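Heads up, the next two complexes both have chain A, just with different partners, chain B and then chain C.
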Partner chain A sequence: MAVKPIQGEKRVFMTGNEVVAWAALAAEVDIMYGYPITPQNEVMHYWTRLAPKYDRKFLQTEDEISAGFTTCGGVLSGKRAFTATAGPGNTLMQEAMTMAEMMRIPLVQVVQQRGGPSTATVIYSQQEVTMTCYGGNGEGLRIVYSTGSHQELFDYTIKAFNIAWKYRFPAFVLGDGYQAKMRESLNIYDPAEKGIEIVKTYPFVGLEGTPGVDREPNHLRNTYNTEEELNLVVNELVAEYEKMAPEIVEYQNFNTDDADIVIIAHGIVTRAAQAAVKTLREQGIKAGHFRPVTLRPFPEEQIRAVVKKAKKLIVAESAQGQLRKLVTDAIYGESVPLENYYKPGQGITAEELVEYVKGL
Partner chain B sequence: MIKTVKIALAGEGGQGVQSVAGIMVEAAYEEGKEALYIPNFGVEQRGGVSVAYCQISDEKIGSPKFVYADLVVALSDRAVLRTKQYVNKDTVFIYDTFIEGIEDDLPTNAKRVLGIPALEIAKKELHPRVFNVIIMGVAIAATDFIEMSAIKTALEKKLGYKFEQDPSLRDLNFKALARGVELVKDLL
Partner chain C sequence: MSIIPNMPKPWRKETKPHKFCPGCGHGLVLKALGEAIDELNIQDKIVFGCDIGCSLLSWDFFNVDTVQTHHGRTTPVMTGVKRARPDRICIAYMGDGGGYAIGSQHLVNAATRNEKITVILANNCNYGMTGGQMAPTTLPGMKTETSPYGRDIEETGYPTQGPEMVAAITQERAYVARGTVANVRQLKNYIKRALQTQMDNSGFSFVEALSGCPTNWSTNAKDTWAFIEETMPQYFKVGELKTPVPKEGISK
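Right after this comes the complex of A and B.
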């Protein structure tokens, strides 16, 4: 490999889209496939500026359907490949993403959520949770990291490539328009500095030797003839996914040990929730915050442990209950009351959460 | 001691509020502060009200947007209407006196409402192009959170290549900055 794009570690101040491009470079990505859509455009913009300097490639496709499938193709040929999109683009990519689930193609997709439904806004939302976790026809056999800061965008973009290639499931970095467009400080680094080893890639097609003679045939199927055969295959996929889940689940607890009221939030809303808990604690209110970092697989056991001790839960999200569905599914059977703080397509601040909790 | 300063800058597309915001947060970052800047952006290609949300702090910053600002600077009639929502009793609200017919729309709940003739000064004393640099001086003086030297360094970084070509531009920009500071100091 040529010169490392990032030497050592350094503090920088940039937009989230630029962060993603740097992280992909640091993760030794070979190629990005993409089609422009706001607020993700600058991922492509920075990648196309940076990539040629380090002998990396870019292909702009005719639409997101094609961007999704070319990413699949790139990975099948043994390249570390990713794409980035948002909103309606994410919708179009879902068919390719289900193929990646079915054929175990370790691609990475970065999503910078914008408002919905349809064209809606190009600004911000958390309305692509259901689609990013469970989009397409299938069972949602994918890994979804929901980031909340530029540091996490960098860390988890690198991680997404490694986890995808280690376990052979498609991985998603779920950001949003705020994270895409805002500037804040973070440390970018050469992963080796942190002891992070970049998982080796390998081709799935065009292998040496004759299948069945020199080597085992490499079955890459997404089409099946009988119900029984498909059912068997999906059961195996699910079993492998569930075996992996405990190893990759991530979450954070903030003052949940003795909390009466627990705010559940993910992504950038965790920043408001963390600040709200701090303020509420200063005012003598026993508040805590649980944050799932992986939305797929969801930290089910961990949230249940927190919920069992709490007297009241609040799900706060910039969507109409998409996180709540993941939560209620995970804590089925618990009887603690659950309130909703929904603001579909709009940001949530610490001040309003504090006010809401005090008004309960 | 202020820990976090929240600023909303709003104007018509092309008035340069995003450039001002970019330079201010860059200066704050270079000074070792935490800074967060997010532009508002819509589906329109041009025109419309442009708002820049900035936060500068001694510690890590929470949500990228905020409910109330410490400082609102509004540079057009539509910008006044759009940014009134960020005003509360602790907000300094600054508008350009060149804007006509907004007397009844100015916020009544602000800590201070200050009218400044920035556009007029830019046109008569300096150059219309440095209007937004006057505004930067205004914002710096009104919040008093960042060293002038850091702002000048950030300006050099952003416009240095232009200053190289024409050194008189440097004087013009620094003059505009100082004039903006004066405007507010006279009022506060």
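Right after this comes the complex of A and C.
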């Protein structure tokens, strides 16, 4: 057996893109398909340097449409495959992601969000939430982990592959340009050291034996003829997704038990929210913070439990209400006032959140 | 006494008669492909991807593992399979719209990268499934639903010369040909050489097949064949454009 890319556990100081490449290696990924776009590029840079040493593969495609569909092909052939992108690249990949939803192709897509709409900035945003959760013509039958640190980028990239292959839905690691480009300390590890078993992969096409002689052929279909036929297929997909949802939703509560004011934030903004809550508490203000880690499926029951006790909610995000839509959908019927702290395409600090809360 | 036609081994009886329109060329292209698979004895190694458009109806045509993709995206899906599983023989099956319009960037780049896959493209001069619109391959002056007064080359250019383009951008070890459903034996040999090119890990392989669409051409049997045999070859020259495989040993 080949040497494991990471022996044991070690402390490192890396950019998030490098972390993703190491996590994919540790998760026994066979092949990456990718196309250059900032701020994701270094995922490919590190992968192409590391992969040949561990007998892993890479293909640079002609665009993100192709990167998405070649990733589908890699997974259909039975290999653990992923791609990484951002912004307009994420837009182009949505077409392939709908195929992954429909045909239950367990691929992984890492998204390092950049500013939008359009080409906008290569720096940072949280403006790819709606697209990553619900992009394309479909029902958003995906798993989306919104990470807030380099440690989480490592942990959840490994987890994304395992959850995708366990449940057969496409999984997304939703990072951002800050996490992609900054360096931070974290522990990288051989998953076996933590008792994490890497889920086995298997082929959907190209199976052994002669079809029609030794076995039935695998005819994978994504085109249907009647409304009723399609409706049955989608109902089944939704039922499987909803059955899975309670098993995989993740969230965090910070001082929400007795909080009057609850800040709701995801991704890297959780760090500003956590720090703001600490400062506000020190100043005698009963603040708390709820953080959804999975944006799809959304921790609906968990946020509702928090919201019921609060006197005021604040949705803080580096977008114009994309998280808020998920929140209001989840807490429909609750009457607690909801304030917005939107900074589309721009970072949010703890200091400004403290000031905002005190000014309410 | 009845004559039972000799069908290729992968022919899936349960899904016959096939779902293409009467007179459609797809059945003949696929029969040629089936015979090529038989002669090379590779049924157990095939991964077949079909595009969206009429070609999607081939999804359950054969006893081979098959995947329906999206319109234009069959080349990357098969590229993805082949890169991950080089021991499989990957066939991307599409129409002229899927290959030369919406998926042209994939065809060009797969050809340039010398992907070890086989693309088989049925050229019937129009978009069949969507109701007969103008395609990249629509002939000058030809009437379609979106060129009701005839294709105006000043407005929309000349028909795409697919194999000529692919031959120009591929490496020496690639295989490129244009066959026709009017000569199934020749088409079978072209497809066979294309598959052999992939099996030899030699290079990209591409076969365009001139095909008929009587439904959208609004032609009877006689006029359909006249169009395929006489009109189309005036623009689309039948023959091999690039041959890496030694011709010895393969019957013409």
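Keep in mind that, in the parts below, the second predicted complex is superposed on the first by the 348 of 360 C-alpha atoms of A that agree within 3 Å, B and C clash if a C-alpha of one lies under 4 Å from a C-alpha of the other, contacts with A are read in each partner's own complex, and residues count from 1 in each chain.
As a working rule, contacts are C-beta pairs under 8 Å (C-beta built on N, C-alpha and C of every residue); 3 or more make two chains touch, one makes a residue touch a chain.
No experiment lies behind these values; they were computed from the predicted model shown.
Novice: After the overlay on chain A, what do you see for chain B versus chain C, clash or fit?
Specialist: After superposition on chain A, which the two structures share, chain B sits beside chain C with no clash.
Novice: Name the contact category of A:Thr70: first (chain B only), second (chain C only), both, or neither.
Specialist: second
Novice: If we overlay the two complexes on their shared chain A, which of chain B and chain C does A:Pro211 touch? Say first, second, both or neither.
Specialist: second
Novice: When the two structures are laid over each other on chain A, which of chain B and chain C touches more residues of chain A?
Specialist: After superposition, C is the partner touching more of chain A.
Novice: Mind working out whether A:Asp329 is in touch with chain B, chain C, both or neither, as first, second, both or neither?
Specialist: neither
Novice: Which of the two partners, first being chain B and second being chain C, lies in contact with A:Thr121: first, second, both, or neither?
Specialist: After superposition on chain A, A:Thr121 lies in contact with chain B alone.
Novice: Going by the contact rule set out at the top, does A:Ser185 touch chain B (first), chain C (second), both, or neither?
Specialist: After superposing on A, A:Ser185 lies in contact with chain B but is clear of chain C.
Novice: With the two structures laid over each other on chain A, which partner does A:Ala275 touch: chain B (first), chain C (second), both, or neither?
Specialist: First partner only.
Novice: Minimum C-alpha distance between chain B and chain C after superposition, to be given in whole Å.
Specialist: 25
Novice: For chain A, which residues belong to both interfaces, chain B and chain C?
Specialist: Chain A residues touching both partners: none found.
Novice: For chain A, which residues are in contact with chain C within the complex?
Specialist: 30-31, 33, 57, 59, 61-63, 65-66, 69-79, 81, 95-96, 99, 103, 203-213, 217-223
Novice: Chain B touches which residues of chain A in the complex?
Specialist: Against chain B, the touching part of chain A is residues 13, 38-39, 119, 121-123, 178, 181-185, 268-269, 271-272, 274-275, 347-352.
Novice: For the complex, give me every residue of chain B touching chain A.
Specialist: 22, 25-26, 29, 34-43, 61-68
Novice: Under the stated contact criterion, what part of chain C meets chain A in this complex?
Specialist: So the residues of chain C in touch with chain A come to 10, 12, 43-45, 47, 49, 52, 56, 59-60, 62-70, 73, 76-85, 88, 105-106, 108-109.
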